[in-house]
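Two complexes are shown next, each including chain A; its partner changes from chain B in the first to chain C in the second.
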Partner chain A sequence: MSSQSMPSLVHNNNPHAVTEIEVSIDSFIAKLKRRQISGSYIIALETLQLLKRFISAVRWSNVNELIAQIRELGNRLEKANPTAFGCGNVIKRILAVLRDEIEEDMRESINAGSSTSASAANLNDRNSTIGNATQAEPLIASMFNLLQKPEQNSQDFYESKSKTKTDFRQVVIQAIKDLIDEIKNIDDGIQQIAIDLIHDHEILLTPTPESKTVLKFLIRARERANRTFTVLVTEGFPNNTQNAHDFAKKLAQHDIETIIIPDSAVFALMSRVGKVIIGTKTVFINGGSIVSSAGVSSVCECAREFKTPVFAVAGLYKLSPLYPFNVEKFVEFGGSQHILPRMDPRNRLDTINKITDYVPPENIDIYITNIGGFAPSFIYRIAWDNYKQIDVHLDGKQK
Partner chain B sequence: MPTTDDFDITETYLKFLEEDSEMTMPIAAIEALVTLVRVKNPTTAAEVINLIKSGAEVLVKSIPNSVSLRAGCDIFMRFVLRNLHLYGDWESTKQHLIENGQLFVSRAKLSREKIAEIGIDFVSDDDIILVHGYSRAVASLLTHAANRFIRFRCIVTEARPTSQGKQFYEFLQEKGIPVTLIVDSAVGLIIDKVNKVFVGAEGVAESGGIINRVGTYSVSVLAHNAKKPFYVVTESHKFVRMFPLAADDLPMDRKILDFSRIDSEASLLSGPTIDYTAQEYITALITDLGVLTPSAVSEELIKMWYD
Partner chain C sequence: MAPKKGSSGNSNSRGDRDVDVEDRFQAVVLTDSFETRFMPLTADKPRCLLPLANVPLIEYTLEFLATAGVNEVYLTCSSHANQIDEYIENSKWNLPWSPFKISTILSPEARSVGDVMRDLDNRGIITGDFILVSGDVITNIDISKMIEFHRKMHAQDKDHIATMCLSEATEYYKTRTFEPAAFILDKSTSRCIYYQDLPLISSQEKGAVQIDPELLESVDEFTIRNDLIDCRIDICTPHVPPIFQDNFDYQSLRTDFVRGVISSDILGKNIYAYITSDYATRVESWQSYDTISQDYIGRWCYPMVLDNNMQYDQTYSYESRHIYKENNVVLAQSCKIGKCTAIGSGTKIGEGTRIENSIIGRNCQISENIVIKDSFIWDNTIIGDNSNIEHSIVASHAKLGNSVTLNDGCIIGFNVIIDDNMEIPKGTKISYKPIKNMGSSAFNLGGDEEDSEEEDLVECSSFVGVNGIGYVYDSDTSDDDEEESNGIHKVSNCLAHQIEELYLSDASISSITKRKKKKRTMSSNSMYTDREDIESEDEDEEDFEAEGLATVERALENNHDIDTALLELNTLRMSMNVTYHEVRTVTVMALVRRVYHFISTQTLGPKDAVHKVFNHWGNLFKRQAFEESEFIDLMNIIMDVVEDTHFEKPDLILFGAFTSLYDNDILEEDVIYKWWDNVSDDPKYDNVKVLIAKWVEWLRTADEESSEEESSEEE
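== the complex of A and B ==
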């Protein structure tokens, strides 16, 4: 399995804890590789639990080393399953919190230190004016960089300072706890907004019956707001049929009129549909998203043809700072035996079974997240509020 | 060294452009303004502001195609104003500007390298890329991709009435990239064979639309129609505070359409040289600030002007 060792851990003075954490990392990686763990919600939570234990176990002499170790862990998890973006997303968010804290610390130490030299004072000045916005600073640079004075290298601080006032271990663990809380409470946030969006006697269509968020959203609209509406569920043959049936059953139990329709009937019925609601797996920075059942993209395409609004529900942790340069790389293919039983290999017949799908940003009208509704073109902003550009790619050396 | 009286900002600007082929118009404008400040050596803040304002005005008026250099003037003005107001630190800012003139030029070049690094993922093996006009940023990105042994092919439009297409064709050939040259009117014919379109920009408007070599708009509409991604590769110092509403809503020195009788053959085709491509035709902007959606441009500008 994962034979790659972590060189940064070798000089550790607590070998026992390290081997123990190594074992849990390896087993988590194995689970990711075998697809034994699926669903972005579970993956995100388990990654955070693992990270919490990892942080408790590792030793470091300066903050830079800590960051490097977290990045290395993130890189290993990302490599284990490149389409499980949840791992990378949560680790990048923790890194962003950590970096903010370090910046804060750095500013304080500059304040305390000799601020007599003109250049330091100026840097300081500049920093404090953008101080409030720093955590929301979207990109490492701004247009002004062109004219700015040569900057003091913050890298020096990262490396030289071995002793700081702030306990970074505590910072990271607190950040992890906060993020776990956030992820667990995501449905509440989304539902609050969602209720206003569903009207009485409306016909809704959802092509993603496996989404728990969509399910809770609909049930809540029925129960809390007491709306009567009809839900059309696409069958999702072959990977999602069971999910679609379960979904329909649950909705029916909550007294919601539910109709399962074949995938081929979407176009015919679209003219009567008021809204399309989709659950997402990952949302990219351009506003496009990966959804966990094939055929969703064509449903959204149909919706656009009929000018039917498409609502995508997504928790904040599904937001990825990556750009989908190559969509084919992100879309997963499954075993073809679900479509056709295995045949004599001499018969030349190709069967493909896409299990995820990419919906381009122009086919989505609005994203409903736990912090509000946003247009796809605004997603980049939300992403840069939560991630740092420097941590977008965890592989390779950080500059 | 020109003396105070005979300093001509337009001349200085043109000289900067001529001397260094790598220099872009906004940077040349900034350099010209820095030289102006150095030569006139103003002593009070009000003097500085007036000097730069009038210098920029003269410059914008005297150069026919002023969109790009306006971006440079704007960013310089804003930088000076901010330093005057926020820090009251004019002396050290002036010192910095005068001493580090060369630094801006090298940073601008660096920003193109950064763009190439950021944009490399947009070029993949077997791609056929359509390029319209000669842009240093596009050139740097494609060179970088070729150096990384990505095997792609390029189609370059002629970009009439200039010879930019020819220049770019020769440039790519020199770099060993398979390339072919087509007439501008053939874009519709080949757009289905193309995987993506790259263009540069003279200026990026607040809406996220771009002002570029004439013909960009038609290429973008064709790309949009054929559902091909249309990428703009540009440096962030070309973002300019303008909000054009239509393709012809640009500051131009003369009428776009001239129906008066023209006798000389030469001036027959001297129509507009730039056009405006609205944001809905642009898939993404590849800049030194990262890959931006068109709506992110206004935010960068707002950040600069109102924070």
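== the complex of A and C ==
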């Protein structure tokens, strides 16, 4: 019933709605390009809001078209700022939910025995042509599905023009709402684990002072568990110094002993540090991660040298299905003006100021996410629980 | 449910464009600089559409305004207005999701920034505070801080009308502006007390700053700074355009307007300076084009960087050591791309070519074994094998043959073709068409042209080769009007490195400044006089006499209204810097000539003529004389002029003039008495004074009723 009424409703105000949605998409893209929106949390939420409006406005004749349009949107957002992974991550997760729903829907329709002989013939055709793509998918599906029989006929369903009883618009919007809820409550999940990890009279070191998650994590450990511990904060010169000071101030206000140390002192102090806690911007499928200030990588390297455990805190939405083949592409390079004064352009030094840094998986001991703690080597499993391989790269054709 | 949500969201994003008229934030972009520094390239394209790092210059300014949260942008165009208009029409700024509403104002007749501002005032577009920015600004300043400063100062000081943005330069002169200037700022409020242009750092001339001590009266502490880059980003209040309107002679934004406003005690307005250490500068000369391009590639203007891909069709990606490449770049296996290089899409680079510190446009064909260093190759150029390009600019569609060598500082114009094996000497500028001095090109018609062209051909084939097309652009003649006689100015306006020899360290400058300060305090009691003014005064006066006479005569002839005539005279007075005495003199002369004209052509009798002219035009004097002494001066002038003009009956004319002025309440009795008491006894005036003597006597004794009798007696 609802699926019947919905398209007509959209159809009525469609021309207007589509142009308006174009306006908001393009202004969002422009903002991304100008770096007016920053921070993975805000980017993820804003992307979801935009996607919600997009889904409400867009129209399609079959589900495949809907997926294509969402992919197209995701591609544009990813291109706008390739180092802001938040956009791509949330869109890929929504796509995964949508694809799951489609499969579910199709399974039901098959069980009901409504498939005709024509579509069965069609099915055979397709399996021979596109067999590889579809077969690859079930192989890396969740471990909980390992014993299930692989679905062979999903492609057929994508193509089908027939109306299904599931209203995909509602499905997607519901998925978006759930994801927004999840992102907003991510800190609670992580904080639950905090208490068990921090002991009394421990010395912690954090090189990522701008991470809200780390901040809440520490405050929670202090307030809920009433642990007394010392936090060392690296200065993060030059890009992060202000953040480090703010961070230290906030911790001090919560009665946590906080010391700001120069970046160069990390090695000297590492022998006394009990744990290193880092916030992440993105976690890649190999368990490596992008962190938000240059120098974190060397801190983790240093921690490894001293066998100090490195804890990375990350919300699930920071998990990206990409593999960091070319790290340089994923690291953002900032401006040179903060490092050196302006110089005579003829005889000046070239400065390269990495804003973000890549920490390889072997330097991280455990990821603490809102659904529990995982070893870096296990990250890929969690990723494939939430993403579909077909949607890893949004550019180019789907098939 | 869903569509409703969508629409509410959209209204949010649209909301900022439908703001109230009072709240909208406007910006005016001056696309024309009224300079010829980028000749010969600006002959074909306006400066703001020249590409910097493969993006037209204007985009950087608009991008800055977009980040600043401006709601409305007005582009004022004069030269190449159509090109700019067309560009904006097709740009992304004209799309419905552009962050601001953009419109172009075409004022092709404008010849200076002042004209543009007056035009703006006439159109009445400005409703509130607005950003006035030049169309060649590249910056990453945080405008919100500047606005905050502007608001704060505005709340403190009711006379605050504008805030200038100045960014701090380092001691390296190349980062400095091409128009150096000294800013004298109040230390506590950073109010601009005085502004003065300085000679170029590269010129050997020593500058001195001379300040009227009165300006410093209420100032506790002040700083003199010459290390500020004037990036021409101003936040102005709506009072600014009318000031240009009132002062017809204001041409430039800084030398005339800023200096005029802050040193004028009549206006009583203040201008403040906002000093920032962010990146903010203007592309104002070839040299700064070079510097800024390198800065931009070196990410000094982050977050405004090339790999943001602000243009829709851009696909730049960043690689370490500041290499930017678009999609579809074809690089041969053995070519070497060095640091700080950007390459546009569709470009092919051949085997063995080395490129460093350069920006290559789109669809360029760069063949084999070429060395390109520190250069700018614009779109669609073709460069032949074994060429060597060093520190040069090759504009779009230019074609260089094999084994061409471009030496330091060459500028190859649009569509120029250079033959094989040519070597272009240092600092040569070549354009496709011969470009003469702007002024003379208008006269260069008919037979003359062919001759000169032939000459050029002969001369130029030595540069571009037999099969080449191109003419050497002679920058001597059409360079700026800035009075740089020694040619140093010309040298510094080219791309070349040669200025290194003229390096002047900042240390010596600062010592000069110190000395200057001391001198000033010692002599602060003596009034400041501008020697130049005195020297040139005579000349001014003569000019003024002729001009003023012409003005008044024109007014009489065409029967202008008095206000217009006064305004014209006033403008003339201010621009030529003469006193009211001169103005009165020319007015009287013109009026008396008019009378003489009437009499001599026998249109009117002497008495009628005088009455007709003085009754109406006498009102001019109301606004030319204000004090008693000035009226006396006026009467003396009238007497002098009447005496000089050799009328048949001079006394009658003078008497007529005085009575007319008296009847119109311009001359008062007291004034007349005073004048008469002090009138000169020179015998040459005796003739003239006959009737006046009687009149004055009569005035003194007679009552008002008898005036009619008197006049009938006279007849």
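The working rule: the second predicted complex is superposed on the first by the 344 of 399 C-alpha atoms of A that agree within 3 Å, B and C clash if a C-alpha of one lies under 4 Å from a C-alpha of the other, contacts with A are read in each partner's own complex, and residues count from 1 in each chain.
The criterion applied here is as follows: contacts are C-beta pairs under 8 Å (C-beta built on N, C-alpha and C of every residue); 3 or more make two chains touch, one makes a residue touch a chain.
In this text, all values refer to a predicted model and were calculated from it rather than measured experimentally.
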Once the structures are superposed on A, label A:G287 by its partner contacts, choosing first (chain B), second (chain C), both or neither.
first
If we overlay the two complexes on their shared chain A, which of chain B and chain C does A:T241 touch? Say first, second, both or neither.
neither
Contacts of A:F325 with chain B and chain C, given as first, second, both or neither:
first
Partner chain in contact with A:Q192 - chain B first, chain C second, else both or neither:
neither
In the superposed arrangement, does A:S56 touch chain B (first), chain C (second), both or neither?
second
In the overlay, answer first, second, both or neither for which of chain B and chain C A:Q36 touches.
second
Under the stated touch criterion, which partner chain does A:F378 make contact with: chain B (first), chain C (second), both, or neither?
first
Would you mind checking which one, chain B or chain C, touches more residues on chain A?
C
Go through chain A and flag every residue that touches chain B in one model and chain C in the other.
none
Quick one: in the complex, what on chain A touches chain B?
118, 122, 125, 129-130, 133, 138-139, 141-147, 149-150, 285-287, 323, 325-326, 377-378, 380-381, 389
Help me check something: in the complex, which residues belonging to chain C touch chain A?
2-3, 5-7, 9-10, 13-14, 63, 66-67, 95-97, 99, 140, 169-170, 172, 174-175, 278-279, 290-291, 294-295, 298-305, 308-310, 317-322, 339-340, 497, 500
Partner chain A, residues of chain B touching it in the complex:
30, 75-76, 79, 86-87, 89, 92, 96-97, 100, 103-104, 107-108, 111, 121-122, 124, 236-237, 239, 284, 288-296, 299-301, 303-304, 307
Would you mind writing out the residues of chain A in touch with chain C in their complex?
9-10, 13, 17, 19-27, 30, 33-36, 49, 52-53, 55-57, 79-80, 82, 169, 173, 328-329, 333-337, 341-346, 348, 350-353
